[in-house]
Structure formats: structure tokens, C-alpha cells
């Protein structure tokens, strides 16, 4: 009897330790932990921050300045590879940005409870990733100083943007997405800003006071906020899908071998989720490892859950990839055939195989095992590998596919130039923004965690103790 | 409280405002940064913004095509062909188009300069986009320059004074000839690398042997049905490329006849060979044999007595010697024999061999067999230009060697050089540069700071062709006798002076027989005298009441030509009864590869300083801005050489290093390389770019005295270096490089 | 197939209705690849030269290029007929709809493919979408050292870095001829003017004129030689340049 | 009149249950629902506290924004091509291309909706608002605060009742800088 | 310190100070903009007014307008042809630059006031042929001293007139609003 009871207690203790939602702390304590995670800045932070700032300054701003002054000749683009790593990076960063929306919107709509502690970490990636995507696409333009011509505004020339062009759709979609995701990041942040406002002094107090907008937590405020968040959660999902679909149409709408593929839309979306999830899990592992108190909030259960998602997405990606390959191959068009052959056997063939290994072989080999996928360092390494693989995928679609066209007299390889510092610059700037944000806004949506903890409890069904969730809304 | 807002802050604020104003003013209408200078005296036929067109003659090569230059407000902006000019009928080649890049070249000689031999004439700047003027500053006045020339004319004995001139028979040549005739100075020598590569001496010598007249033959490609070309690169730089290209077009697409065929015999496919219906890669040196064998086979087909000239040749033996299959010879012979309009052309590398004269004779004999002399689609003598009584051939390489020997022997004390760049163009083994050391005074009239100008004591720059007066006799290419006219289309951009003017003025200064020889006010007076002599000629393209009107029309129409066919038929009487020595050529040097230098079709000998010519892809290899060595893929594979590998080409006379272009259409035992690059001076676009095959040439000549430039064998050594060639074509798309193995 | 055609009848009609106005006939059989057209085009249209390094890297700015391939292996090797490749002035051009700024549009008046340099922001989408790969981009400000700039044609805009450009069928000459004809109160005559490339071509391999006028030389040539082909016609681009392979 | 003076009382409860009880009790004391407000650190639904559901304009504003966005889309997709004196032709596509208009309409509708939703929160909650307000910072530690608006006369009575119902502190609410 | 400054700004005198600063900045900016819109300095204070008053037609000095793309500036010889005979030319200080220029053979560097960017191919002749008068675009020069440009010559301005002059003629409208009519 006691044995049994002991066993049951043990199981319960185990469950509580495993699940954040069942392991509540006093709310004041939790708030304090989050505040401390922001305030706690070590010299190591400043060193890394300084290095990233230097890399961004050189890689992004200085190099970009050089490119604007000198022209795109300092990059590696040529005829026929008119688009190079800039577009690769654009697609890559938009892909990264998809994870935030996926986690905070889709998982929210479906009430997947494991999302709670890291929705904000993921949404921050969305916003900052989109910033890098924006940088990348503007870098790509030959006359970036005239980019306002792409905006619809009344003008004396009576000319409006060409809405026949996928790039115009892109602009609309990315604008919608970047605004939407930023607002969607901000709305759930308001209560946490209020919390932080109440617990800080000095400049932080001023900052949080401004950002909290005067939020108190009255019934009305909560209602408006909840309503808005629900609308956002539903509305931003189709926007997210549209963004990457439209990005894919930049390619699919072109009359080029290898590009005009009807499956590109969903293929790109799933590819975006693939890299996005990989990026989220990497960021979570870093946060967990470097920031104070984060081991409490982010636990192996979360890695396990995201790991499962990654596995599913990897399988879906493989399915779409094969689908695309199959149909292109079967079509038998001579240029497409040449291109497919070039992908595999050309000088960049290694990249094609590396892409498959990174995106399919490695994730499948590791993520099937619950223990492995609960191991933060391992699964985040897989996340990085997936991102490398997905970057390769975009590289294959953009510069490598552009090498082959219907005029063999012009085929030429692409050798990146200033794209490399610029690409590294965007990566550093992303990390820089993220680091700054991690010390300025609570990475953990405290109120959401607390709400979740309120809703969770253990329940006994016969002899088994299980986790139950009450639907509060 | 308000005193806190101090005066100093106010000043700061005001400063900010001023800065803002400055920025805003900077945003004002662009017009405030534009200045417009009206004409002081508007030319009467000019309106603002409207083009004026001037007819003149192209000076990029010696062919003498008529141009019409579009100018706007004193600037020449476009070359167009002179549609009335009988030679080119409104067409131009790429070099003619780029002549403006010579006129406005960033590196020109900007005025009279005295300098130490070998000194640079412009700062070394290989940056093609560098905006700085870096030409040497003129350091003397024209008065001093004229005095220098006058002194040179009077200081030395007439026989110690030499003139070396460009290939074109132009007014300056006439002027110097007149001067020489009157004063006893050496007759001017005309030379040009193009003439060397075209083996003009061989052509006229062969004509002399076969037809008894040393004339420039004209091959009516357009009228023919079957054309056998033995190395003649007539679509590229040969004799008169625009005119021959027109002929080729009508060979292929005349309204009234069948599409004609072109068969090209050469070891390395030229751009002309690329257009041929059949390309026959024979072994270099066996052209004469092949021509004779075809003649024999064709005679057999035609029946009748075997002409003496073909009687001694054995086609089976020729097939094995030349590497051309007997069936191929028979097939071509049949085509030749059965055609109503058969034509055979000798030219190019085929003549630049030890047996070049035999090749020319054998090929001309083929024409005799075809009985096409003086008939449409056949061989003619080119019309003699108006006022010309005999064909004035430029100097052969052998004659140049004699000239150089005279220089070395100190027989020239003063040498005037105009329109030619012998330091670059002559074989390095002839050592023109070294010979210059034995000439006391070298005066160059170079427009551009070329290698020869750099070795001169004085450079008294002539105008660019588009800035100068003149006329030029058309040597070949047209059926009409043409005197092509030139006039300045723009005012001289720099402080240059026409060489003719310099000589006239200096002759006046020198006095005596010199002053008497050139009793003219200026160049134009001299020209008018020469041109108006044509007034009395009948059947001209225009006539006029007086010399002034005649000269005006001459300028307006871009020359004067007779309206009747001036071509004459060579006499065929003895052509088939010659004895042509059909032995294979001998090759100098140790190496295992035949070496075929050819003139770059886009650059030719003097185009390297024009940036757009540099950026034109070569018609066969599409290489830009460089020199390459063409090598058969099989050979390259055997030698483990890949494309862009730098190799060392060693001849008996010298060695050069250059990258390999693996060329699918060349014999495995042959390598080839273009002539035109490898300048050590000549402006920022030319200098230090590529190599000069003239560095490899030894002093061997054919029987007519032309250089046996293709009569060499060379060694190829690997260097282990790589130098990527800029090419327009894709290595992947055209050669499948880097596309991956086929499954 | 028939049913498919029936379904698309409206589209087919639309395409056929998009008749060209100006057209070109290029005879590859007589093109010698001499590059005179390339040089003439560069001189007429203020095209920059880009130097050895950039030209070798696929950045040369030729508006017209002469393509040649090889057939067979030595000694049976043949050079394929030279193929001058320039903007085909497609009636239904893939480059046009993809420009977000309307920098490349179809001229309704001249039925040409316009490139409005100053509207171009340099996305280079048009160049990607051009099946003929005939667009060139100003990768840098390729300077013309003084006094080379004196040669620039005032009728053609000088392009700066970041701008796409391509063959215009010498639209400045079209305008000039039309202006002149109008001033003289007549129509533009066939052969009154031509493009720089056609004007220079020593072999007369390029003929330019009105394809909508059956009496013009281009129309006559196209009819007489009969076996002309248009490049990549299967893409439905309705090119206005006809090629004769000949032989 | 003394009765007319209105005072605010702020009671802080440690948990949900006593707060809900208090609300019920207050209602029985005659305090109208409209005179009560609850401040909490996590979203506590009206049902949990037995409060009438809150009116919110956010969905309506969102809908309005969507319509505006759609209108902007209609302008861009259908009208802007005709703004230029003569429609600019690209390729052989119609001036108003079919499928792409859907993309434009969709994106602009969504943009309008998202922007107005966001704006709706601001409008409905009177954000941003930096004036002094009645507030207790402890709510973010899990406390529930009830803000009762009552007349001066009833102040003591209500204070006592709230204290009895387990309020940790009851005091007259004073607006303060947040 | 900063807080004190802000506090000071909030009281009435501070608000007035803020207002003054704003006004000052605004007027400086406005002045800056104004200066950009002024007629530029010319080498000669040329009075169009006087010349027109003498009955000299526009095309006398700018004959290119009816013949080609550019109206052109008169050559100095043309100026001199008249001025040579005018006594005042010898004495007038205003005309001294002309005299100097002609006698020394120097060019007069005029600053154009009506200019289109180089990516616009403007042709005067077509406009004259279409019945436009000089003053339609250049304003009433007979009332000006130094030429001023009365228009902002931007694309909208061009288009406006093009559309108006096309009227109902669809073919003309197409031609006149075609991008390739002005940009190539």
C-alpha cells in the first residue's frame, strides 16, 4: 500500500519536475527571476555584444555603404546569375521568421500548451529575422536609394507600382508580415511590460513605463487584449503562408528551367518552417545555457516537443522535395534535365548532397529517439545543421539554378564577393538585436506561463497520475 | 530664465541653419551646376543639337573605306560607312567603328616632345577607368619642332635621310616621294604588319611570274560558285575585309544564283574557315601540293591534255603528305571542276612559309584551269587608283631587313617615321629597336605614344585620322579606281600638326631644293593640286568647273572615283605552262609544333589601344583583352594542359608565355596565336596586355621576300601557372566544362 | 490537342493580335562574326566597356553578342553558324510584367520593349526572366576616362550603376526618322534609316524595318527566304527577330 | 451634498476565490457591477469572478480595418493601373491582371485588419495613458485587486466587509504615477 | 539636470522658447528652399524684356527650336552683329562682359534655367510643330529680365500637357504618353 503510494508520489514528483506547467513557483518569485534574467549582465555578455557589434558595423553597414557607393560590381553577381546570396539570405531570413508565427499563432490556435514559455523568444526571431530579410532584399537592389518607388503613393508621374510583378506582391506581403508580426509580438508583451515597470527603477522604469502604455490589468484591458490576440493568431497564419508562397512565386512565376514549378509554394513554406524550427531550438538552447534562471522555464520537455515537430516537418520537406524533383525530372524538358544534372553532378554537387544529408538524413537519424531529442545540445546542433541545409537549399535554387538557362552561351558560375561579409553581417546583427532584446524585454511571457500553470493539474485515473489542462477561456 | 539661452547657443543654432541651407541648396535644380558655352562664331551649316556629317576615309587599316562621321557641336560621335563609296558601300568593320576611341583616346601625344630614347610617354597606369591625364607634357613649341626637322633635312646628306611610313598609299607618301625625287633623299619606304601577314609581295610576285605583271590580284568571291581558299582570311583582316565580306555575302545569298560554296584549306580554323562549308585541315606547308593535286584531279575530270603545271604531282603522295584524304581531294576537285564559277584564293599563313610563292603560283594556276580570269567570279587585277600608273607595293619583310641593316650600318643619320610602329610590328629578331641606336636622329610623327615613338628623339605628333586632311588610293577591293578623300571632321583636340604641314614648313625653312620641292603654303594646297589634277579625267564620279569646287565635292563625297570598271583581266596564256615547285615547305626551329600566327580580326596591328576593340570578343575564341595560344584538345590532353594554363612557347628566335585556349578546330600538331597584343607602350589599354608573336619570328623569308611567319616549329613548355582568359562564351555551355559527367 | 486549342482560343487570338511593328531579319548563313555590329552598337548607344576582369566574369555590357558553338570533333569539327543575339523585342515579353517599378514596359506606340533607365531600381528580375539573356546590368559606374566621353551620343541616355539596359532597336533613330518625316509631312520610308548594327554589318546579314508593312524589305526577306525561325518561340514570347540558318 | 461625494476603495485579495466571494458580497451590498473593476496580473475571465462580460470593440474595429484594407486593395488592383493617362502595358497581360489582384486584395485586407486590431486595443483601452492611475503593483505577483467606486457614506461599510472577506489590504484608492 | 531643463520647458516661457526655436528652424529651412528656387547668377544681366520690346523674335536668337531638339544659345557673333552698331555697348557696364568676351574670344558661360534631366530626350521641334508657343513653357519672357523658369519641369507637368493636347485622339494619346517617347 505504502509502496504503491510512494510510487504514485514518486511519479507525481517526476511529472512536476518534468513539466514546467506543473512546477509553479510563487508568482512574485517568478517575476523576480525573469527580471533578474534581464538585469544580470556579465562581462562575457559585453564581450560577445562588442564583437557582434563590430561584425555588424563592418559586415553590414560599412560593406553595404561600399556596395552602394561602388555598385553591385563588388558583389559576385553576373550574367546569368543576376541574383546571388542576397536573395538566398532574404529567403533564408524569411524562413527563419516563420518559426515565431508558427509557434505563437498555430500552436496558440490549437492550444498546444508546451508553447507557453517560448512564444516570445520565437516571435522575437520573427521580427528580427524579417529585419535581416529586409536588409538583404534592399542590399540586392541596384539603386536602393530609389526603393521608395516600389511603394504605392500618389505622385506627379501618375505611376504606381506594377502589381503584375511578384516582387510587388512580395513587398506588400512582407510589409504586412513584418508589421503584423511586430504587433503580434508587442500585444502579449504589454502585461509583462507592466510587470517589469512595477519592478524596476531608473531608466528601465522609464522604458517599461513607456512600453507598458499605462496597462494596469483591468478586466477591460485584458478583454481587449485577449480579443486582439485571438484575431491576430488566426489572421497571421494565412499571412505567414502567403509570405513564403509569394517568395516562392518570385521564382515559380519566372520562365526559367527549374524554377517554374507549381509545387514551389508549399515547398517553400515547409522549408521555411524547417529552418525556422531549427533556429528556434538553437536559440532556446542558447538562452537556456546562457541566461539566468532559464533552466527553470525551458526544459527538456520543450526540446522534445519541438524535436517532434522538426521530425514531422523534415519528413514533409522531404516529401515536397521529392515531389518537386520527380515532376521536374519527369517533364523531360532538356534545359530542366540539364539543370537537375548540374545540381547533382556539377561543381556544386556536394552542396546538393549536403543539403539532403542536413535536411533529411541527420534529422531523421537523431530526432526519432525521444531521449536524444530531449537533449538540448544535441537537438540544437541538429537545428543548426538543418539551417545549414536549408541555406544550401536556397543557394541551390538561386545562384546555382540561375547558372543554367536556355542560352548555353551565357552559362556561368557565381563566386560570391562582398555578399559574404554582408551575409555574416546580417547574422551578427540578428544576434546583436536578439542579445539586446534579451536584456531589455522579458524573453519569457510570464503572464502566459502563470496562466498556464493555473490551468494545469495532476489528476488520477485509477492508479495513474496524468497531466490535465483546464480550458480557461 | 531666458538668459539661459545664451548668445552662444543662438550662434550654434544659426550655424545649424546655415548647414541646413547648404544641404537644401544642394538639392536645387540640377541646372545650376550646368554651364553652357555658345559658339563664338557658329558654323553656318550647324544648328544646336543637330548632327553634321562629314565624309572621310578610314585610317584604321590600309584598305581605305569611306566613312561618314556624325558630329555634334564639334564632337565626333559616330562612325558610319559612306554609302556612296565604291569600296565599302556604307559598311564598316569593327575597327572602323572604334576609330573614335582612337580620336578620344586618353593616351595620345599632346604636342611636340623631345625626350630621351626609351623614356615613357605617359605615366604607367593600367587602370582602364583611371580618369587622370597622364600623358607626357609637350616640351617644345612647333616653331622649334619645325626648326628641328629643317635642321635634320639640311644637316645630313640626302642619302642619309630615310622615311619609314605606313602601308597606305596616301597623300603624305606622295608628298615625301615628291620630296625625295626632288632632293635625292631616300625614297620613302612603306611598311605595315598587315601587309607582312598578307604577304602582298608574294601575291604580286606570283602575278608577275604567271601573268607577267606585278599587280595586286582581286578575287571576285561574290560572283563565284565554288571558292577554294588556301589560308586566305579574307573575312577578317585580309587586304580589304569589308569588301571581301560583301563578296562572301553575295557568294552565299545572291538573288540571281545558287548559294555558293566555300572550301577553306588551313591548319587552324580561322573565322573565315569557320564560315566555310568545308574546312580542310591540311598539314602546314603542303598547300602548294594540295593545290596542284586538286588541279591535276580536276584536269582529269575535265579531260583534255594535262597542263604542265599539274603534270608532275601525284595525288596519292599528296594525300599522305598533307594529311588530307584522297577522297576528300577528289571530291573537292570534282566540285571545282564541275562548277561554272570556280575560284581559288591564296593567302594568309599559306603564303607566309618558305614555299609561299609556290603556293601562290599553284593556286593562281588553279584559277587558270578554271579559266576565270577577268570573268565574274574570277580573278582580276585590282584597278589602279586614279593618277596611279603602277602598283605600289609596300615593302616586304626582306626589304625591311635590308632597311634595318642599313640603319645598323649607320647609313641613315636621320630617320622619319610616320604611321607605322616597326618596333612592335617587325619581328623582334630583326632588332629594329637596336638598329635605331645607330641612327643619329629619329623623328616620329606618331599620334599615339607607341613603342617606336618611345624610341625616337622627337615626337612631332600628327593629327588623328579624323582630324586630318588627305587622300588615299584604294589598292584593292573595288571594281572602280578610287581615290578616297579625307578631311578633318573635328578640330584637333591637342596641339598636334599634320606631318605634311610639318614637312612643307620645314622644307621652306630648310630652303634650297627642299623649298623648291614643296612650294606650298600648306598641306591643303598640296592636296588641292594633286586632286584637281583629276578634273580633266573623263567618266568621274563628279565633275566641277574649277579646282575649288572640285575640291569641295571631293570632300563632300569622300573621294573621287571613275564610274567605269577599272579591273583588268590577267593574261592566262602561260599560267598553266609554268613549272611550280610543289615541294612541302621547310620549317625552322626545333620544336614539335607548327606555329601559325594570325592577325587578330578585331584588333589587327594597331587596335589594341582602343578599349572597345579590346572588349570585342574574338570571332573564333570569344576572348577579350588578351592573347592566347590555340591548341587541339587532344594535344592538350596528352601534354596534361588545361584551358587557361600558361605555357611557354619557344621558337628559335625567342620565347613568350601565354595562356592556352583549347581550340577544337586546329590540327593536333599545330598551335596558333593572334597578333595584335603584347604592347610595351601604346597607352593604358594596350600596354602590358598579352604577348606579341613577333617576338618569336626568326629571319626566314619566302622566295618573294615575305616573312615566313608561319614557317616555324615551336616547343611548348608548361609553366605551372594559370591565367584565366576573359571570354564571352561560357566554358560550361559551349564546352561542357564543369557540367558534371554524363550519367 | 485540338480540344486544348479550343479551350485557349481567346488567348491565342490575343497573342496573334499582338503584331509587331519593327522587326529584324538576321541571316546567320552570311554572318561572319566580325563584331562590327557589336562595335557599332557600343558606339551608338554609349555602352560602357568593363575591363578584362569584369568582362571575363560575365559582366560585359554588349547589347548584341555573337554566339557560336562547335559541332563534332576534330577533324570533322564545324563551327555552328554565328548567331547574333540581341533583344528580340518580344511581343509578349517575359521581362515586362516582373518589374515592380514599370521600368520595362511595352511601348504601345512603337510595339517595342522599352527599358526606362531612370525608372529602374535594379532588382534585375527582368534579366532573370529573359529567356534570351540579352539584358546587361551596370554593375559599376564604369568610367570613361577623359576625353573618351566626348564620343557619347547625346541622343542616348548615359546609364549609371545599378541600372538595367538592353538593345532598344535604336529607338533614338526611330524617333529621329519619324520626327524628320513628320516635319517633311510624309511617312517614314523603308530603309530611310536603320539600326546601328544593321548599318555597320559588312555582310548585310542584318535587315531592319517595319514588319507590319508587307512591302518593306524585312517583310519581303522573311517571305522570300521562308524558312526563318524565331528563337524559343515555344515559350510564347512572340519575338520580333527572325533568324535564317541557311546552308 | 455629502452623499454625492464618490470615493474609490482598493482592496487586494491574495487569490481568486476570496475575490470572487467579495464581488458577490459587494453586489449584495448594493454596489453596482459597473462600480467595480478588477485588476489582475493574468487574464482572469469574467466568468471566474462572476462578473458580466466585458464589451469590446476590437473585433468590430478589426472588421472595419479589413474593409478599409480591402478598399485600398481595390484601389491598387483595379484603379491604379488606370491612373496613368494611358494604361501601361506589360507583356500581353491585361491591364488589371486576374490572379495577381487576389494577392493584392488579400494582403491589403489582412494588413488593414491587423493594423486596426492593434489600433483597436489602443482605442478601447485608451492606450497609451501615462497619467496617474489607481493601481497596486502587487497584482503581478498574483494578487487580485478590486476597485470599488462608492459614495462617501458607504465607504466604511464596504471597507469592513472587504476586510472580513479576506482582503489583505483595503484602502482608499489614490491615483499614482505608474 | 536634464529633468530641470525639461521642467523649465514645460512652463509658459519655455513653451514660447520652444515655439521660437521651431519657427526659426522652419524659416531657415524655408529660406534654404527659397534660395534653391531662385534664378542662378548669369555672367551678363541679360534683359530679355528689352530685347523682346525691340521686337526681336524668340527664333531669331534661338533658331534651333524650330529645327531640332535644342533651341540653342546665340553665338557671340550674333550678339555682336547688333551690339557692334549700338553706341551704348561701348560704354555700358552691363554690356562690358559681352564686349570683353567678343574681343578676347572667350566664351560666355551661361547658366541654363530651363533644363530637363539627361534621361529625358526633349525635342523642341516637335513641340513647335505641334503649335506650342515658346511662352507656353518658358513663361512670358517679355516681362522678364534674366530668364526665369516659371515651371517645375517635372514629368507630371509634361504629361499634363501631353494628355491635354491629345484630347480625344486615342492614337495620339498612346504616342504622347508612351514611356519610349521621352525616355531612351
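By letter and in written order, the chains are A, B, C, D and E; residue numbering begins at 1 in each of them.
Keep in mind that, in the parts below, a residue touches a chain if its C-beta (ideal position, glycine included) is under 8 Å from a C-beta of that chain, and two chains touch if they have at least 3 such contacts.
This structure is a prediction, so every number in the text was calculated from the model and none was measured.
Asks: Work out which chains are contact partners of both subunit B and subunit E.
Replies: Chains that touch both subunit B and subunit E, as defined above, are A, C.
Asks: With respect to inter-chain C-beta contacts, which pair, C-D or D-E, contains the greater number?
Replies: C-D
Asks: Can you tell me which chain lies farthest from subunit E, using the average of the Cα atoms as each chain's centre?
Replies: Chain centre farthest from subunit E's centre: D.
Asks: Closest chain to the overall C-alpha centroid, by per-chain C-alpha centroid: which is it?
Replies: C
Asks: Among all other chains, pick the one whose mean CA position is farthest from the mean CA position of subunit C.
Replies: D
Asks: I'd like the Å distance between the centres of subunit B and subunit D, where a centre is the mean of that chain's Cα atoms.
Replies: Roughly 87 Å separates the two chain centres.
Asks: So, what's the distance in Å between the C-alpha centres of subunit C and subunit A?
Replies: The answer is 44 Å.
Asks: So what's the Cα centroid distance for subunit C and subunit E, whole Å?
Replies: Once rounded, the distance between the two centres reads 38 Å.
Asks: Just give me the whole-number Å value for how far the CA centre of subunit A lies from that of subunit E.
Replies: 55
Asks: By residue number and range, which residues of subunit B touch two or more other chains?
Replies: Residues 49, 728-729, 734 of subunit B touch two or more partner chains.
Asks: Note the residues in subunit E that touch 2 or more other chains, in rising order.
Replies: As it turns out, subunit E has residues touching two or more other chains at 117, 159, 174, 178-179.
Asks: Counting only residues that touch at least 2 other chains, which ones in subunit C make the list?
Replies: Correct list: 57, 65, 67, 69, 94, 96-97, 99, 102, 105, 108, 119.
Asks: For this structure, enumerate the chain pairs that meet the touch criterion.
Replies: A-B, A-C, A-D, A-E, B-C, B-E, C-D, C-E, D-E
Asks: Touching subunit E in the complex: which residues of subunit B?
Replies: 1-2, 4-5, 13, 16-18, 20-25, 27-32, 34-42, 47-50
Asks: Which positions of subunit A touch subunit D when the two form their complex?
Replies: Residues 26-28, 31, 152, 158-160, 162-164, 169, 172-173, 175-176, 179-180, 183-184, 186-187, 190-191, 194-195, 197-199, 209-210, 212-228, 231-232, 235-236, 238-239, 242, 246, 446-447, 450-451, 454, 472-473.
Asks: Taking the complex as given, what residues does subunit A use to touch subunit E?
Replies: Subunit A residues touching subunit E: 155-158.
Asks: Where on subunit A does subunit B make contact in their complex?
Replies: My answer: residues 338, 341-342, 344-347, 349, 403, 407-413.
Asks: Spell out the residues on subunit E that touch subunit C in their complex, using ranges where they run on.
Replies: Residue list for subunit E touching subunit C: 117-119, 121, 123, 125-126, 129, 174-175, 178-181, 183-184.
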